[in-house]
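Each of the next two complexes has chain A plus one more chain, namely chain B in the first and chain C in the second.
Presenting the complex of A and B:
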């Protein structure tokens, strides 16, 4: 009695992806023609590059900042400091993706908070254009993905034995060298798993690039949405989506091979 | 041990230590400031959002509850989230039992499949669902959005339930049965009861995941279905209504409250 519900539920998850892939190859002129159409459009080509490059930047930022937070959570001794770290982590996690983007749009707007603070401080004479730039999108996406990165790293970081660092130091290593030669190799699987997860989620972003990037720096998701709702070109949208899907699977697969299923699964399960 | 460390290394250590602290401080500020800012700005009274606000008051909250434009989307969001949360449990519970407690072939694959959507780019997923929904005439229907939200919430809820189920030992059920309990009673009285906090927690996760969801609704909701995140998305895109700061603050506190509730419940499981 239990199994059918489970199987039907799982099928419902798989079927959209199967249909998407089949449609990408069979709708329109079929074969690889839809993919050719994707690459023939300069706008979509640009947005694909844009999506990949910006997601990479977001991934690096999330891993670096995330490692710093996750490591602090793992070795924080004071309960109050630990609570502060968790609050900083989870408050934006619970804000909802639209509200997060909105918060950054107020900060980055021409007459927004950052410009007025910098103006009052005498740092700038004229307001800077910050909203609707790549910078704004990267900041907004990093803000959204950072908690995911930290949660993905936490299992690895909390398992690290601080004794290893003490041993390295008592053997004459400097603290910096101990971190680079002992700590980094041991936590690397967690960092790689977090990076793969952040990247795979980032390339599908829709809300943040629209609200903070505007028309200047469209993400693939924006192009896909336009293909469906503005140009009624579903076959091309399906091909673009399959590209995103393949990209995510390749990155996750590579990570899986590099760090093993345990680190990756631990990363997803937080 | 410091006698073994030469001076350049010590200077390097000092630099990395300072850099490390700066990085942490920056990361924390980066995470906290925007959230705090939204809360602070929600108590301003200026007709346009500005910092620092010139006047303070509850005008924006009054606006949210009296302007009438927020009520519809809020109600729709609550309704969809409620159905989605219940629906997610209906799929997730059997799935977790099948994956953890049965000898079903491919049971670990089953759980893998349920968790997979979390790392699949959501816009690709949305297009796949769009195609399936177009076939089934579900575009722009509330049923369709609920179904999509169930898929979206499933990974988190499966993770919550299966982590908890793994910790409930099957021996307890067997012990109850040796004392004369029927199989069903042993299952309901022991396993299900011990799992209850995780079920409540899974319900809350499902609810929040649907309540916050803005991408699937954009692709699948047609023009008629406007949930709260979609409404905020549209209004930020075309105009900036300062009442958003108030609704965002209310949402933040509501969600924080629900999540704290859920983590308290799970801690009571008695690990």
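Presenting the complex of A and C:
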């Protein structure tokens, strides 16, 4: 079984990545010139900042919300309730990313559900602009990435024994101190693994920022798409792609070093 | 231990695997293995591909016996052709409705073939002069027109200048985000360039971008596809702005009360092209001549999609209600200007750079 897997991996993963990296350094004027072109463009710089900042926000939201969901699942007594929580979490996971984005665009539209509910409740006088904003992108991405976060932290979270908290409390610790000094150190590897996975996937988002963020809040992937399909500037697209790849690898590598491969693998394998 | 039920996880893993494999590349196809002629057309996906297959390819194959394949590569003609040319393996013979700017760029880069003189002569007998270029015939013509939601604003403008006049006609604006030439040309019309001057007018970039910046300040959203064109009007993000003509009428059909403003809009032809490096260039040009000389088939194609076709005789076969929505309908055609593609090809890099900084910077 190992040989075919290695061949497939080499053919469809290693070769394209090596070729991409070589293209980034050899096409056009070669060397670092394509990377210089990436950073010379104010539009790409803007999209890089956009990508990183919004992915960070999504990561924080996913880890915080994921931890509470994961905790609830671990602590749920009834099997039916547990199954319901998993189903609620994984349903959006199975929906296409385009379907999810369109669902949010219906909710966020000027004459959409959210605005009309708030209007009828008398909360707002004028419909708010929600669609084609950074907020819409963050919500849409968080919705997409939350299942990944929970799946990634679930192994560590479910191994945490609630008895530890009781022990800490009975030894005189406050509830907060018990969470920070007992719970957090034990589940930290799971949280870090979840954060790394969510961030690494988030920086590659394309469809959600296009459909919910519109033309003026581009992600790096949007700019790479521009370069390939609109401006036919393949060398610069290759350089931008390598940049994203390196960023994702650095984040995953750092996380791997911090928590060990077990936590990351546990996250991916569930 | 609290793991999700095994079945759920398996399904989740499957969903991941599907996502990955869905990124696979387009299927390729070469010429007929038994020596028979086989043409491959690159098209835009349904409903486009179906209309081309049903109304053009099928009757053509019945008449000539040539086998014709259609592959979908929406918006990727030039990028894919460039890759195919670099790899010395051009898989396509014909391009169905290449966008205007892309066709001029592709010809400039030697990706599509120059039309042989004898073919050109014969085509000019069938089609109006401005429908026949050095590299193909115009096809699937659209207008870039104004669309204005009459319910959302007090008064709708009646021409392009009004669309750009945000003081006289307040309201959230929209336009296409993927075509700098369209926006710059429209802005120049608003600045006083007439549609007769437009085809040879050299756009004053500083002035045009200044006009576009004012337009952007009033922008509710930019659209990048026909579906989004509809969506921004239907969802209320945009009250007036620049729209594909076909989509503007689509809005009316689906209940959004828009006024369609043809005056000083843009005539936007797509093109049938033959690729440079096609294995069967003669047969490919034969196909182009066939569709130019079959106005009834062209009419059926136009009716199916709501895109216009250049053969005037086609309008004898199109019902009047549809005809009035098409860019080649004489009353509409006279209100539209042609863009200066030659200028765009020459200034391609600077224009795109400034456009990207303007929109995304």
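One rule holds in what follows: the second predicted complex is superposed on the first by the 261 of 270 C-alpha atoms of A that agree within 3 Å, B and C clash if a C-alpha of one lies under 4 Å from a C-alpha of the other, contacts with A are read in each partner's own complex, and residues count from 1 in each chain.
The working rule: contacts are C-beta pairs under 8 Å (C-beta built on N, C-alpha and C of every residue); 3 or more make two chains touch, one makes a residue touch a chain.
What you see is a predicted model, and the numbers here were worked out from it, not measured in a lab.
Novice: Once the structures are superposed on A, label A:210 by its partner contacts, choosing first (chain B), second (chain C), both or neither.
Specialist: Both partners.
Novice: Check the residue A:177 against both partner chains and state whether it touches chain B (first), chain C (second), both, or neither.
Specialist: In the superposition, A:177 contacts chain B only.
Novice: With the two complexes superposed on chain A, say which partner A:90 touches: chain B (first), chain C (second), both, or neither.
Specialist: Once the two structures are laid over each other on A, A:90 reaches both partners.
Novice: Touch check for A:105: first (chain B), second (chain C), both, or neither?
Specialist: both
Novice: With the two complexes superposed on chain A, say which partner A:201 touches: chain B (first), chain C (second), both, or neither.
Specialist: A:201: touches chain B, not chain C.
Novice: Which partner does A:232 contact after superposing on A: first (chain B), second (chain C), both, neither?
Specialist: In the superposition, A:232 touches chain C alone.
Novice: Touching A:117, do we find chain B (first), chain C (second), both, or neither?
Specialist: Touch status of A:117: first partner only.
Novice: Regarding the shared-chain residue A:245, is it in contact with chain B (first), chain C (second), both, or neither?
Specialist: first
Novice: Which partner, once the models are overlaid, touches more of chain A's residues, chain C or chain B?
Specialist: Per-residue touch count on chain A favours B.
Novice: Considering each complex separately, which residues of chain A are in contact with chain B in the first and with chain C in the second?
Specialist: 87, 90, 94, 97, 105-106, 111, 147, 210, 228, 234, 270
Novice: For the complex, which residues does chain A have touching chain C?
Specialist: 41-43, 46-47, 73-74, 76, 82-83, 86-87, 90, 93-94, 97, 105-106, 109-112, 127, 129, 131-132, 147, 151, 154, 158-159, 210, 214-216, 218, 222-223, 226, 228-232, 234, 270
Novice: Using the touch definition up top, name the residues of chain C that touch chain A in the complex.
Specialist: Going through chain C, the ones touching chain A are 1-5, 8-9, 11-12, 15, 19, 75-76, 78-79, 82, 105, 177-178, 220-222, 224, 231, 235-237, 352-353, 356-357, 359-361.
Novice: In their complex, what parts of chain B are in touch with chain A?
Specialist: Checking each residue of chain B against chain A gives 1, 4-5, 9-10, 12-13, 16-17, 20, 23-24, 26-28, 30-32, 34-35, 37-38, 41, 49-51, 90-92, 94-95, 97-99, 102, 104, 110, 113-132, 135, 147, 151, 154-155, 159, 163, 208, 211-212, 214-215, 218-219, 229, 232-233, 236-237, 240, 244-245, 248, 251-252, 255-256, 259.
Novice: Going by the contact rule at the top, pick out the chain A residues touching chain B in the complex.
Specialist: The contact residues of chain A facing chain B are 1-3, 5-7, 9-10, 12-17, 19-20, 23, 64-66, 68-69, 72, 84-85, 87-92, 94-107, 111, 113, 116-117, 142-143, 146-147, 169-170, 172, 174-177, 179, 196-197, 200-201, 203-207, 210-211, 220-221, 224-225, 228, 234, 237-238, 241-242, 244-245, 247-248, 252, 265, 268-270.
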